[in-house]
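Each of the next two complexes has subunit A plus one more chain, namely subunit B in the first and subunit C in the second.
Here is the complex of A and B:
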């Protein structure tokens, strides 16, 4: 029982961690609080289902298409929508409010498109739905694949951020956007890349959710909320913190769902959020 | 004169149900409801720029309180109970988030409606065993209209009073620069908390007053996120930091939404989203501020 919760929780937490990574990149580097994040996740999930059921493309191959498409969508969104807001706000600190409002509008726009295109029904696919024995616990293969995707993407991202020149640029802008131009970094371009990278992660997260979970067009708010709580738990902009916090939230949620009631998982998320706000608002792994 | 015009308008609006059809009365109730919601929202968020996305969490709580208590308590007491519950909820949210940076508050309110909806659903399914309740109250559509009109007038009067009071000044300074506000000796958390609780109490009462319109109440219906969305866009369009801004934005937008939702029931959320983004981009401070800027630039040109 305990072991089942542990394994399933870690698997679920992997997806959450992936989602939170994207959001923390968008907020940390591009300084955009993206409330439409969950809707972009769902968009990718629906596209995966369409590619699988409509065109017969296997989900893992579809993932290879969806990730760059997500990057492209993020690039476009930043250029068309966010950049004017960034330019308008200058250093006045209005960007937070403006980006929250603009993405709140975007949330309803994407949700409307999803409802019209795919309907309001719960959607799921059956893909590699056979059990694999891990430490005596039977876990569906599709969940394991989703977890593997999270581990691979998460590791690659951490390495890229820590070891490459590009990662250094991204981190520089995240830390001190005002001084980054002094060393020849084009802040605008890096912010766009950070936002696009975050959107790509949202898309990959959504695609892996579609592989093993049932979802509907109105679930976006819950995904955004969970990702936001993980980001704050891990400390804003802290990639390692987001990974750990994501796994932790997956564990807690699975525990609440199995031991207490599945209807209370969002309440558990909020309880954690409240605890973090009261005890360590800078995040469990943040400085200060 | 400044007081006379609104009073005459209020008297005319109070007399209006005698002149219109049932459908017209429905429209009037909807319009007054949204004017009150937008005003109640702006009371806190207008000056402080703390964007609350939880309007429907309070609205729905008000409606649901009436649904639960309407058979056990007399109607005025039900309204009092709703106000107390709404204020308590706001106090909890405010105490845990308003001492921190604004973004924590926004995030908390973003998921709040969904949280309350899921908690009520869980409670009803597991503890009481019923999902969905009926409201049998002897309240006519006209009564609802007059009650809502009174609430709306009271909200606008309260906003006018707050704008002139020390609290209003404190909120304006907080909205401009929190560091300056703290250095001028303003108690940040307390000022924000008072305004937020006032605003949330009004939003809860709106839900409570409006609820007898629908005989059947269910969490999925009363916690419809579109309400939060509409409230914010209405207040923004008119100008959230002006006394008459929210009302100015609410009436035309409500009529547009009515028309859109009856003519394009499937695609209207898309229009709403586009309209919202357009408002954020084109009129970030609202129509009233836009007009003033236009006038100022014209004056400069002629001078």
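Here is the complex of A and C:
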């Protein structure tokens, strides 16, 4: 019973965390609160389905194509849409509001394109949809893969940020964007890389969602909300925090669903969220 | 100053008069050779999926069919083409109400077709009543239809209420229990939203009365995407019957989870979405035996023809619950217009009292409601067939226990 909750909770939490990694990077490094985040994950999900059903490319191979495409899209979005906002705001702090408004518009644009291109139908594929026995608990293989992707991507990200020169640059821009240029860091370039990396992660998250969940063109906002809650709980820009917060959320939801009442999972999520906002507004794992 | 004002007023007045005349002239002209039909539906937002599967394709298919045949037949024997005015309500009731006001007071359309969803239909009912329009509501499930008909005499309710569906299901399960096929234990989950609450409230007393025991009875919030914990509990409950009063994402999620964990109850019933044409794909081709809300008479030639034409024109087959009824409601409208024209009061009267020949057979409404409906259907040999009411024409025998996934 306890073991079941633990296994199911961790797997669910892993899929949540994967969804939140990109958003925390985008906001932490590029200072852009991307409300169209969920739509970008959906875009990747639809592309994965198209590649699988239309061209017969297996989803795991498609993932390898989608991730760099996501990076390219993020790079393009930042250059075309965000750069002018960043340039205009200077150090006035208007970027938060401006980016929220701009990405809010982007949300509807992408949603409209998805509706026109893929229609309003529910979309789903059957891929590796069989149970795998983990410590006596049956878990869907496709969810397990999403969990594995989350663990691998999350660990690599944490290591890269902590150990490499490039990670140091990213962290410098995240922490003190005003002082980073003093040591020769091109803030614009690094912010663009951060945003693009975040978009690539959003695409990976969306592609893995497509493997195990039914979705439709209007579901984006659900993903954005979930990711937002996890990002804020984990501490904005804190990759490790997002990972742990995602896992914790999955565990709590599963525990509440089995031990108390499935009707209270959402309430439990938001109770924790409220608690974090009241007592640790910097996030469970944020510094401050 | 005074002079100028008077002149300006005069000029404005004459301009306004001219404009008003030209507008009324164009309206009068339009009214002569076409019938304008307006609707506001969700092209975007959370309702877009439901509207895009059940409502919009059938409106478009019907308009295309009628116009290709030369238009709507009028009582005087002439034919008038249909002209459509469409707005996107973006799944927001505020936008929907504004669009209806616009259709009624600015576009002055002859007929307004209803939006998708119970909530949307309730939101516009007072307005439709005030403007004197008929509301041919199909996609609304409510037990309060008789009350609403009293309040808004031109409103129609054609998909039954939660209680009807719950009773139909219990009736079918009772028969299986009496035959000794299933035990008297039921695991039931419901989505914590209007539809799920309505159905579970209807089902609990009905199950108890029939001697069933609800060994697992929980609700889950709208937007839940992971059902591993719920399905695990349901499997451990020992019930032979699994019943979910769910919306499409939940129905699909639970089906996939049940498959991946090897949960094989003798009865597997899901709510909305089970009758969707994409369901067999979601169930990985193993949909046979799954029970769900709705159904059609799959052996009827008219239904088969409708499915074929829908597939040809829209690009995908219709769902097997509300789609056929939506199309039938439009056929009824067409036949009523041929008798009484486009006067909404006369139409409402005719729709309620007349007998109509539609793709779902001969239809006769009772007190503005369609009561001759399928409550439970089942996937059998790749088609979704109505199984309850068992005495309805074309009813298939329910296949219980369901074969393993």
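Definition applied: the second predicted complex is superposed on the first by the 269 of 288 C-alpha atoms of A that agree within 3 Å, B and C clash if a C-alpha of one lies under 4 Å from a C-alpha of the other, contacts with A are read in each partner's own complex, and residues count from 1 in each chain.
Here, a contact is a pair of C-beta atoms (placed from the backbone, for glycine too) under 8 Å apart; a residue touches a chain by one contact, two chains touch by 3 or more.
If you're wondering where the values come from, they're calculated on a predicted model, not measured in any experiment.
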item	value
Three-chain arrangement built on subunit A, subunit B and subunit C clash or fit	clash
Which superposed partner A:134 touches (first subunit B, second subunit C, both, neither)	neither
Touching partner for A:148 - first (subunit B), second (subunit C), both, neither	neither
Subunit B versus subunit C as contact partner of A:162, first or second or both or neither	neither
Partner chain in contact with A:115 - subunit B first, subunit C second, else both or neither	both
Touched partner set for A:263, first subunit B, second subunit C, both or neither	both
First (subunit B), second (subunit C), both or neither touched by A:222	both
Touching partner for A:35 - first (subunit B), second (subunit C), both, neither	first
Contacts of A:254 with subunit B and subunit C, given as first, second, both or neither	second
Touching partner for A:214 - first (subunit B), second (subunit C), both, neither	second
Clash-bearing segment of subunit B relative to subunit C, given 9-17, 117-125 or 279-287	117-125
Where subunit A meets both subunit C and subunit B, residue numbers	108, 111-112, 115, 222, 261, 263, 266-267
Touch list for subunit A against partner subunit C, complex	4-5, 8, 11-12, 15, 108, 111-112, 115, 119-124, 126, 129-131, 137-143, 212-219, 222, 253-254, 257-258, 261-263, 265-267
Sites on subunit C touched by subunit A in the complex	43-46, 48-49, 51-53, 91, 189, 192, 218-221, 223-226, 228-230, 232-233, 248-249, 252-253, 256-257, 259-262, 273, 276, 278, 281-282, 284, 316
Partner subunit B, residues of subunit A touching it in the complex	33, 35, 81, 84-85, 88, 96-98, 100-102, 104-113, 115-116, 221-222, 224-225, 228-229, 232, 261, 263-264, 266-267, 269-270, 273-274, 277-278, 281
Complex interface listing, subunit B residues touching subunit A	49, 51, 53, 96-97, 100, 102-104, 106-108, 110-111, 114-115, 118-119, 121-122, 125-126, 225-226, 229, 232-233, 236, 266-277, 279-281, 284
